[in-house]
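What follows is chain A paired twice: with chain B in the first complex and chain C in the second.
This part shows the complex of A and B:
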């Protein structure tokens, strides 16, 4: 202790202290900084396999190196496939696991397809390769998908009604957007895909990143959506959950024809 | 009357022995009619249309055949019986079926509330049975002879009218209305004034009486309304709806949409909070700065982050359907579409004015704040809008 105290004014002490401070700060940062992508599980082989799969299946639209594909058509610059730099593993998982990518046919928006043509392992490796193109959102931790265990559906409901209900409807049934686009129904969507959709903003959906809706917020929203659909529709015929337009049509077609039929029956002579 | 184009023996007509005569065909015809190729009638309009009278009475099956009448009786009784069963079933379902239980019904899914379903069906049967039974009874068994009741003048007889007048005037005389006019005016005044509270309530509930448009001119972004009606603008922070947390510009990545309220709005009591929210709601979006067509949109925003009123200028629905690639903002009520890159001008639908933009900047601590309140009243138009 005495020796240390005696040498505290040594010219090397300041350099040593600086070194120590840098090491501690760096170590703390490495320990607590947000991790981009689940990098630990990714191997070089996987990335290489992902790149090969990408170039075989995705490159015609997104470019050989995921740089996107833009071309001039009639003097107008049109994008045939966006750049995937910074798209992140979460976007690849969402698009491919719901069958939206590879795009079956070009239209106003990619549609959910029930038959997935890729193995989970292949999707994982393509996601691993796309994640190397630039920092982007990674797959969410299991902790934030445990809506049954720790999700607060009541809190999720208030967030859902402010942030999601305008497009996906208060019943989670989806709804129309401009020019043929639509917000899809949320019924039966995997929790991880709801999370990744919020995180990446697929198609024309706005991005709700983890600073806008925190992972807790997202988990609560998932809990709300899942519980809403689990409770179901105790009233009977939901008419698609589309609201007053569908209900009015039903009332006009069925209610009015029953009333007219009854009026005709009442007015008929007995003989 | 019997259809002349389909001659059938008519038992009610004494002159008819099952055959129609030439007179039958021409009797009531006003225009020329072709019957089996022969044209009958004159083709002109008659001087006046004769009252055709009642059509001949057609006896019903149950009038002619006692067995048919008994059958109808049983049908009516069955319909009433269905109603009785429905009512009893309703009572049973009400007490026996727990509210939580769910059942499957084809076409309605597997989460149909058993209680709701049974209560609805049994109540429907009990009402329908009574109605259908009554109608069937009336149509098969109750007398159905056609009858005519002539109208008579509404005016009473002269004698009755004179007598009524005498009674009324005599009553007024006895009550002292003519001798003591003060009573007449006092009672008239009391009854007349009594109507005023009703009128005041109806008129008062139409809105504030003192310059009602003032309530529409300001939002919570101007500051909270003080007791003297003034507001002090304090550059409120933008906070997330409903989390009530301030927002840093670096958190708003490109393509993001934030639903925003002014700081302090969530501290209001629920009633005033809802009222303030209906005017102050804002949608915050970030676009690439090069995407903007309008210079003002860029200047009033912060590094491509722009904030627009979420209240539609058509009839005030929340315009929240933002498409991050087309930069269209769609109102779900009437499909008004606004172009975020071009000052939120209307590109489709019934709205007539662009959405008002909220000028934003960043405060000393790096949070997004409103640099000035909305420059124009938000939401739908009203007569005094231009007066501000």
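This part shows the complex of A and C:
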């Protein structure tokens, strides 16, 4: 008879078994249940801290309770800061982690800023608070960001060309929109931010929700963009990825000058 | 010969003459032997002799056309290599080459083979890039060559025909370029083809029939790539090379023009013979152009077709531009307002597209080709011109040329309005509005500025000739007067500044004859006289020897500083002088 069998009548056994069952059930639930990812890990403290941070840094445009700031100017309803009800944690993460929020300066659209003024912890808590305002997209699971492991770049490229290239350009170099707005370059953008941008549609970007582009689709798009940029420019200087515009400038300025320079040099020689 | 001389009695006096000894043919040495053998069979010696002894003037601007010629040859050489691997087919295939982001993607064989050339064939990418850069440089250099010919008046009699051939060559070059960059069947080139099909559809009545015939059905069909391929590698190059040989032959036949200068007249060509100088220089220049193009291609990527992906009619990319020589047309489309499209009896007419494409494209090249004849009509000048104009000495022509270049450039820049907007942080709407105004106003402004600059330079030339170079040496006379010593130009420099033609504006004949009847062609004459006035009213004439003598007499080559204000000579302009 082994030690375990000897103790099975122990008064604590039932309690232990119950604990084990709870852990397994909870674990299984955690593993399989569809979950609003960040929400599970959020504590009340974090939400409170987020609210305080929000009210100190964001409320001047988005309102004290994230209700937005709309006012009538000359008979026209204008929005000075959209309502964040339903914006979700993903939107907060995207906007704040890329430095677009807090807005560096007013303009046609928020610009990416390289220096992020908030700690990751602070951004997480603001996101947690905004997520409590109403149901909205949460941060994507790691599974959908694993473009290297399970992404299909070829498939992603097809999706990219039909849905993304008309603004971000086929090279992912970005492109112009109306009235000074623009689609930014995708070079060096974190996979999670590409995913969140598709999910939340920041600035002028349309929302690609999960029925429109499934999480697999989004992961493949990320795989395509990342792999395309990983190849780099096998032909030499990329000239900014702006195609014939950059090539023409290069041919007219550099190509023509070097040819004429050679002609002038040769014109003075040997006769 | 011998029969006629034999009949003369005096011929007997030369009976003892030794006959002229001629070296037996083939006895001059090995090379002479071969040459003689070839000449006996081809009669080539005369032509080769003519060519090798031909004299050409020397100037770097005469080598612009050479750059174009060599770039064309580079295109032919590299193009031959590309045909070994390129598959001109729109048949579908699944890509399995080494470019990972497109693996497993369904695409046309044309696109797959271009990817193979770029990634899986040794040296393929380099050759492709040399081919494309050389094509760009071909059209860049032929354009600059064309500007040189225009601004120096080299298109005047007897070279009008060669200008027309050159214009046709320029048009063919852009058609060839368009056909070429459409072949890879990537997203960008397919978008260009779609635009081209749109152009054709705007032809009234028969547009849709032409488009269906050309594409073998609706867009994109499966025929257009093989057809463009035949045009790109066979049809257009054959015409291009043929016309280009005629173009170069005409240069030899008409003789090359030269810049004015001492010893250079309308009846001579001052320069060096082909053998040995130009044979060495031009031959060397070919290798320089080839080498530099290869160097550019080795360091700068061009037309990265792999980032665009295969063509798919439902997809489009931002920043889609054609190669630069099609920009002016695409730019015109971006500027044309959409509301000028209209429908009559159920038929849609699209001048918003037609004006910028099927009208503008031929129009630009027709105007270019017609210019020499228009100018000849205005000047009425039937003389041959072998001496070039300095651009300043034809101010109106130079202004017109600059205005045309400005209009073309504004249209071309309108085609990259999105790239300008994103790179300079501007609004694409503002840019478009600016270009819409600029395309009409800037040419006028540039014409005026250019003409003023030319007239100013001409006045400066006159000043130099009449009063010499300012030495900066101020001399004080014993009476206390100050003047700056001017140094006379040497006669060689002076000749360059005074040896040019001027025209008198055409006088208008009365519109009615003595009997009060309206003269035939009076309206045409009125237009011609108006244009002649526009060209020549305010031209500045070269200094005459009498003027020079007068200037030397009263100025002694210097100009008194104190009296400068009063002594300023009167305006030299006006047709009456």
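In this text, the second predicted complex is superposed on the first by the 219 of 271 C-alpha atoms of A that agree within 3 Å, B and C clash if a C-alpha of one lies under 4 Å from a C-alpha of the other, contacts with A are read in each partner's own complex, and residues count from 1 in each chain.
In the analysis below, contacts are C-beta pairs under 8 Å (C-beta built on N, C-alpha and C of every residue); 3 or more make two chains touch, one makes a residue touch a chain.
Bear in mind that the values here come from a model prediction, so they are computed numbers and not experimental data.
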Chain C versus chain B on the shared chain A, clash or fit after superposition: clash
First (chain B), second (chain C), both or neither touched by A:224: second
First (chain B), second (chain C), both or neither touched by A:206: first
Touching partner for A:64 - first (chain B), second (chain C), both, neither: neither
Touched partner set for A:267, first chain B, second chain C, both or neither: second
First, second, both or neither for A:24, with chain B first and chain C second: neither
Partner chain in contact with A:166 - chain B first, chain C second, else both or neither: both
Contacts of A:235 with chain B and chain C, given as first, second, both or neither: both
First, second, both or neither for A:175, with chain B first and chain C second: both
Single chain C stretch clashing with chain B - from 78-86, 546-554 or 564-572: 546-554
Touching both chain C and chain B, counted on chain A across the two superposed complexes: 158, 162, 166-167, 175, 177-179, 183, 231, 233-238, 266, 269-271
Residues on chain A engaged by chain B in the complex (per definition of touch): 158-159, 162-163, 166-167, 175, 177-179, 181, 183, 201, 203-209, 211-212, 217, 231-238, 265-266, 268-271
Footprint of chain C on chain A - complex, ascending: 108, 152-155, 157-158, 160-162, 165-180, 182-183, 224, 227-228, 231, 233-239, 241-248, 250-252, 254-256, 258-260, 262-264, 266-267, 269-271
Footprint of chain A on chain B - complex, ascending: 58-61, 102, 105, 107-113, 116-117, 120, 135, 138-140, 144, 240-243, 248, 251-259, 285, 318, 320-326, 328, 330, 332, 335, 337, 348
Chain C residues touching chain A - in the complex, by the definition given at the top: 58-61, 63-64, 66-67, 95, 99-105, 118-119, 125, 129, 133, 136-137, 140-141, 144, 187-188, 272, 277, 280-281, 284-285, 288-289, 292, 296-304, 306-309, 312, 314-324, 327, 416-419, 421-423, 425-430
